[in-house]
Structures are given as C-alpha cells and as structure tokens.
Amino acid sequence: MSVKINLNADIGEGHGAYSIGNDAAIMKIVGSVNVACGFHGGDAGVMRDVVLAAKENNVTVGAHPGFNDLWGFGRRRIDMDPNDLEYMVAYQIGALVGIASYAGIKVSHVKAHGALNNMAATNAEYAMAIGRAIKTVDSSMIYLALSGSEMVKAGHALGLPTSPEAFIDRQYDDDGNLATRKQPENVIKDPEMAAARAVQMVREKTIISRTGKPMPTEFDSLCVHGDEPTAIAVAEASRAALEQAGVEIVTLPEAFAK
Amino acid sequence: MSVKINLNADIGEGHGAYSIGNDAAIMKIVGSVNVACGFHGGDAGVMRDVVLAAKENNVTVGAHPGFNDLWGFGRRRIDMDPNDLEYMVAYQIGALVGIASYAGIKVSHVKAHGALNNMAATNAEYAMAIGRAIKTVDSSMIYLALSGSEMVKAGHALGLPTSPEAFIDRQYDDDGNLATRKQPENVIKDPEMAAARAVQMVREKTIISRTGKPMPTEFDSLCVHGDEPTAIAVAEASRAALEQAGVEIVTLPEAFAK
Amino acid sequence: MSVKINLNADIGEGHGAYSIGNDAAIMKIVGSVNVACGFHGGDAGVMRDVVLAAKENNVTVGAHPGFNDLWGFGRRRIDMDPNDLEYMVAYQIGALVGIASYAGIKVSHVKAHGALNNMAATNAEYAMAIGRAIKTVDSSMIYLALSGSEMVKAGHALGLPTSPEAFIDRQYDDDGNLATRKQPENVIKDPEMAAARAVQMVREKTIISRTGKPMPTEFDSLCVHGDEPTAIAVAEASRAALEQAGVEIVTLPEAFAK
Amino acid sequence: MSVKINLNADIGEGHGAYSIGNDAAIMKIVGSVNVACGFHGGDAGVMRDVVLAAKENNVTVGAHPGFNDLWGFGRRRIDMDPNDLEYMVAYQIGALVGIASYAGIKVSHVKAHGALNNMAATNAEYAMAIGRAIKTVDSSMIYLALSGSEMVKAGHALGLPTSPEAFIDRQYDDDGNLATRKQPENVIKDPEMAAARAVQMVREKTIISRTGKPMPTEFDSLCVHGDEPTAIAVAEASRAALEQAGVEIVTLPEAFAK
C-alpha cells in the first residue's frame, strides 16, 4: 500500500486565561490543523501562537469557524438565518487569514466546528452558506467536509476543492452520520482499537458502522482529537499504525491533490 | 485653490437588531469610511452591507478596530498588553478583508476607534502595536492617524503609508490633542461654523485651538461624524463649503498620493 | 362589564450606546413590564433606569430572561441542556432582583423572551426549566405564560402562581400557537383593528385565529409591544378601547388575584 | 493565642467547557469563598455547583464581581463611569443571590475581582461605587476589602460591615499596596514560607513588606489562591500552621463578629 492521507485535528480552542486541549502534542501528530477563530473558542493571541507553531511543524492551517457561543463552546445548535451564517463564517475565515500573516502562511482549508458542523452535515442551506463564504473569501481553500454529508455536495455544487473526511475516534450510525457523543461508547478511547480502525479504514476505503455495517467511503483526511485525556494516545497510535502500514501522513492540500 | 482632500467617517456600528448612526447619508458625503469590525460595534452582516454600499458609492473602506467592549461601544479605556492589542487589531483587519471580498474591494486603510484611538494618540506602545498589525496583515494599507499623534510617528517609524487626519467637528486643546467630548461644547454642532472651519483648515493648513491658538497641521483627511443628530448636517455643509472653495473630495488613497 | 385585566410589554432592551423601542411611552400604557436582563438585550444601567421608572409609574416589573445571544437579540433558537437553561434563567431573575433594590420594588413575575418563549411554549423540558428557576429563586413570582402552552402546564405542575397571557397584536394559528412573525401580516399594525380585537378578546374570553376559528381562552394579561414603529399607537388604542368598554387596566399581581 | 480568623479564596472561575483552578481542593481549606459571577469568569451552572458545594462544606459564599471582560479574565483595567460600575456590581451580586437559592444559603460578603479590586484599592470613586451597590442590594453583606485601601474607607463611610483582608501569598510594597504580580517573585510559592508568614501576620497583626518594613495591619481574613500549581500546597500549609498555632479558621461573618 502506497497511500497518502491527511490527519486533521481541531486546535487553538483556549481563550484568554483558559486553555483546553493539548495543542503542542497534537501539532506533532497531524498534517493539518483546524484553528478556532474566536467565536466558539480561541482568540487573536492563541491564533497567532498556533499559526507560528504550524509553520514550524510544517502543518497547514484551516479556519475552524463556529457559532458565536463561547459559553456553549460552539456545541449548541443555533437556528440562524443562512445569510447571517454565511457572513459569520466569512468573517472568521478572514480573521484567520489576517493572523496567518504572522507566519506568512496560507490558510489551506475550512472546517466547521461542533454544532455548526453537525447541522451543516444534514442541512443543505447551512452547508451551502459555509461553501459560499469560502468561495467568496478565497475559492482555492479546501472545504473539509464530513464524508457523505450535505457539505460535500455543497462543495461540489459550488466548484470548490472539497475533501471528505472520516473520523477515527468516533462511531458511525448506519446512515453514515456520526453517532452522538452524548453516549460515551461512541467515542473510541482505546488507542489499539483506534489504530486498527484507522488502518482498516484507509486500506479498505470503508467505514464500519457501530452495528458492523461496512460503508464504502471516500476521504482525503482522517480527523483525530486533542481535547480528551485519551485523545493524544489515540492519535499517536493511529499515526504510528498508519505509517507502519505504509501510509504517508501529508498535509490536506497534498492529500487533496493526490 | 486646487486641493484634494479626503473626508472620512465611522460607519457600520450597528449590531444585530441595534442600529446607530445614519450610514446611508454619511456614505454620500465622504470619500472613505471606517468600518466597525464587530468588537466595539458592527457585525459580519453589517460589514457586508457596508462594503457593498461603499463600492456602489465609490468610497474606499478602512478597518475601524476597537476594544472588545460592545457594552462600552469601545469608548472605555482598557489597559491591554500591547502584544494582545496588536493581534486583536490584526484579527479585526483580517475579518474586514474577508468581508470586503463580497464587494471585491480592497481595504484601503486602518483607523482605530474611540478609546483605542485616544490612547494610541499618546501611548507609543499602543500606536506601534496598531502599526505592526497593519504592517503584518497588509503593509500597503494606510495608517489613518490623528495629526501630531504617536500614531503618525509609529506609522513613519514602521515605513507605513501614513495619513494624518484632522477633525472638523471637534475642538482641540492647545497641545494639539482633541478636547474631551465629555464637555459638550467641544463637539461642534453648528453646520455653518463647521463648514467655515473646514475651509479655513484646508486653506491655511492650520487648526485653531479652542483658545484661539493657530497650530500649523499637515493632514490628508478630515474626519466627520454620522452618529449625532446634527452630524449629517455638519458633514454636508462642510463638504459643500469645501467644494465651493475649490477643494476636491477624494478617497483616502488619492489624498495620500497627491 | 367590570373586568380587571393586565397589559404587559417588553422593555429595557437597549444595551450601552444602543437604544431600541420606546420605553417611556410604553410605560405609560401598560400595568406591568418585562425587563430584559442583559443576555439578549438590556444591561445593568438600563435595568436600573427601568425599575425606577416603573416605580414612578406604578407599574410592576418582571424578569424577561432570554438566550445569551445579544447579536441575535434572543430571537434565535438555541438547543441548550435544560439544566443549563434553568440556571441561566435563575441568574437573570436574580440579577433583576438585585437591580430592583434601587427602586425598592419586588419583581412580580417572569416572562421568557423571544425564541426562549417560543421554544418553551411547546417544549415541556424548557417550560419546566423556567418554572423550576422561578420556584427556586422566589416561588411567589408569577409565571407569565402564553395561554394554552407548556409553560402554563409547567407553572401549574410546580404549584407556581401562573398567569396565561394572550397577544393583541399578533395573529394566532388554529392550534393556539402564535403565527410566525416572519410573515408580516401576522403582526397587527392597525390601531383600530387591534383595539377592537382587544375588547373582543376580553369580552368573549376567546381568541379568533387568523382563519376565523374562535378559541376560548383564559388569560390575565394581554401583551403589547413597543419595538415597532406602529406599536405605541396600537397599544394606546387598545388601552383606550378597553377602558371605554369598562375594563380596568391593573398590574399583573392584581389581575392574577382577581 | 486564641484567635479566630477567616481564610478566603476566589472560586468558580471556569466558564462553559473551560475550567480553571482547583475548586474542590480550595473549598476544603478556607472558611469563605468568593464566587465569580459570570462577567470575568464563571457562569450560572458553575455558580450553582459552587453554592451547593459551599453549603456541604460549611463555607460561606460571597459575590466576586469583576469587569465585563472574560477574554482578559477581569485582569485588565477598564475606565468606567462609576455609576455604570455600581450597577454592574449590583447586577452580579443579585445574580449570585438568585443562584444561592439553590443551596438555600445567604451571600455573606462581596469582594471585587482582579483589576476591579486593584483599581478600587486606590480609586475612591470605584471603592464607593462598589460599596453603594452592596448597600443597595443587601446592606448586611460584608464588604471584604484590602486592608488600608480606599475600599475599607468606603465601607466605613457607608456604614457597611467591612472586613479588611491581607494576602498570605503575595508580597507588599512599603506603601501597603500589593506588589505587582507581573514580577514573579512577588507571588509566594513556597508552602513553608507562606505558612510561617501567615502565623506571623496573625500573631503580630503586622505585614512585613518585601523590603522588610513592618506594617501594623488589622484584618479579619487572609486571602489564599487556588489558581496556580503551587497554590493549594501554600494554602494547606498555611491553614495547618495557623491551626497548630491555635488559630481557629472560621467563616467571614464569624471572623467579622469576633
């Protein structure tokens, strides 16, 4: 197997005196990071630190826009006018582009956060609003979107470079959607299980749902997390197993271009 | 007299259901607008409306970054670490650049808002922090800065295009600083007085302080306001008087390049 | 007809430099006001001004808690954990009780704002969460709740004094819910029509749906609005017509106790 | 020596997904806690958890109002109108009183947070504004105030129960003010040094400045911290040493009444 795949992770979600997740560790494992843009987490100073670290680690950065809900960490569903949503996303992308100037690096992609990502997975209006924001601000940015979701369709409809992603550390329902994290067993915390799963997913281009159903799936990127105690071990084990299986971990633009 | 001068005004300071000022009227009078970037006022939707209207009116847009204080409308002095301040400004500039994509227009300048502008007028660290943010995000943007202030010095020290501005509708102290708006008589509300003052300022390149002291002053731009009941009349009368005196009202880049 | 009825209106929804609605005018018309508590609108200073004015006008004040969404003015539906929602409401009630000390007056009731009110009308968990917050902070406060809604049921289930309210200036669907304000014709802007409707509602204890269906309805209070250009005229005409019909406009506690 | 003294600590400064400090540990050490009220930190849910835990631990709770600056964690000086400041403090006190209903406990005191506390220590207008807020909301609450500060004067001038406090883990300048925490050596991190200092302070009713100057000082309470890695050890050692020296650690109302 000679395959290139991207690993991505959310990052930079601290805010002022608050820190969350393990940004330094996750940066060493993935090929691309999704940077919180100050609405659900993050702030201008955190963003600057992240883009400098990303450059140092040869990791590409994407905008990780979320709802304007720091208290809820962007995990609460909010019914917004799709136009307001679009401009809100454009604003956050622009803010990161501004901050990325500190590292002299390009913002390579956009991935929605939390409840926004979950809603846009099935809500075509939201999915298109995010896509239009990307297209307007910089149509060369990759729309990083849950495989099989409305976001993938929106990305294609708008002619955007669109990369489907799959999740190593989360169970899937039989309809291809992520199983809710409200049930703890849907978050995979065992590094060995996650690693085996990652290799299987890449090798077979197939996700196995939590009931055992195989679902053939195209993806350029696998998402890992850094915000749970077990997450770093899961991510490290997955990367190591993938590399041992001959998979090369690359940035998102490289995985997209492959 | 064949002179080119810019008129600038703050704009887009509404937020969600709240509106303030008279954006439509002020847009017809000035050559450039300073667009609130969501921290002290404004939001992504308001910003988009403003950049579209600016394009239609052949008016250039600048970022108008302020403190992160919607409740205080950016008028409360906040002691920030200059680095945090710098990144905060870069974030806001970037956000506007992102939104300006909706109109396909360039962000021509940056002008600090309210208490941030007042503090940076005399605080060299703040003035330099704003300047570094501009230089990092886009060093071709003009630093629009109170004439004689630390901001003008910072702009020059950083090699930025720097345009001093003067205020038509505000009295000055003898040291060249703006007299406090806490004393109502320091805000000029009489259109005729303001208009005469504008012509005198441009003709003589001199500001007359509130005690009558003439202070020779270089400036590319005159600031007017749109947020007080009398402001539109003051701005309109000033523009009319300037044009009648042979002064051409141009965009800030044109006034800078003259 | 010798009837006592309460008129209530939302109030105090400005924030810092932003003002909205016509608080002074509405205060002269109603018997009770619902005071924004700083989350969807309002701030500590506005709240203080309102409680002082309420005392002067012999109007009782209620807390008007909303979602933590100033940008959306509390009009966006947010999916919250009901426990978080409950404490959020208790916090806002407590804040108003604190500020009401400036006038030495009691907070007489609680009415949810905007999307929170709309959601709690049909979502029993939200309705109970609001009720539990009231019961915990001060079980003598009246739960002012849309007639026929889950909130009325929750108030009764919790043993709270519960006052159903009906809307003068809004059309109803045949199921007893408020017709959406997204369709402009569902907001009644004609003072005469509103006034006739108010008298009919009180006289017949019946709401006529927008299709003409009569729906017998108990209520202690009629809600009017102050935030649309026509709202004051509608409210004034309604009050005048009610008084001419022999209806006495009283505070909510008086209407509840009748 | 048979002395009663209070130990107090800030608590409940997490927000949503963010946690900070070690609330569970500090609650076991002190006699009273100062609860963040949602402006510089904390939120309604965190506040509820804290008041329930305080009741269980027989610890009294006070409001810990701060500037409306979550990003700056209330540590940035903000120039506010003293009236706005007063109502902002009253709002926060009221909010905590509302939430304290969940534990059925009284809010025993008020202590300003961070930059607000630092400013009010020397700014009489701020100190009086905080005092007026306390007096208006509940004049039986204790104004917990840095010994020798303007806040102590304001508390006395307003006839409020006023308790001076001293700091175990912070150095003092010779003028009696806290030495800036920007210089790390001004934060005492050695448990033994802090413990010895605590006993000396209580025994001699004297603070030794960082230059060695003895400053006789009255205080009812000693402040410890829970937000630095070494803070819990410092607080535990101080409490143990005080008890060994025969000092009884009591709630603030008990220490005030002694």
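Chains here go by letter, A, B, C and D, matching the order in which they are written, and residues are numbered from 1 within each.
Definition applied: contacts are C-beta pairs under 8 Å (C-beta built on N, C-alpha and C of every residue); 3 or more make two chains touch, one makes a residue touch a chain.
Only a predicted model underlies this, so the values are computations on that prediction, with no experimental measurement involved.
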| item | value |
| --- | --- |
| Numbering shared by both copies at the subunit C-subunit B contact, with half separating same from different | same |
| Between the pairs A-B and A-C, the one where more C-beta pairs touch | A-B |
| Distance between chain centroids, defined by C-alpha means - subunit A, subunit B (Å) | 39 |
| Rounded Å distance between subunit A and subunit C, as computed from the means of their C-alpha atoms | 43 |
| Contacts with 2+ other chains: residues of subunit D | 71-72 |
| Interface residues, subunit D side, partner subunit B - complex | 68-69, 71-72, 76-80, 115 |
| Residue ranges of subunit B touching subunit C (in the complex, touch as defined) | 14-18, 20, 41, 43, 70-73, 75 |
| Subunit A contact footprint on subunit B (complex, rising order) | 38, 44-45, 47-48, 83-84, 87-88, 90-99, 101-102, 136-138 |
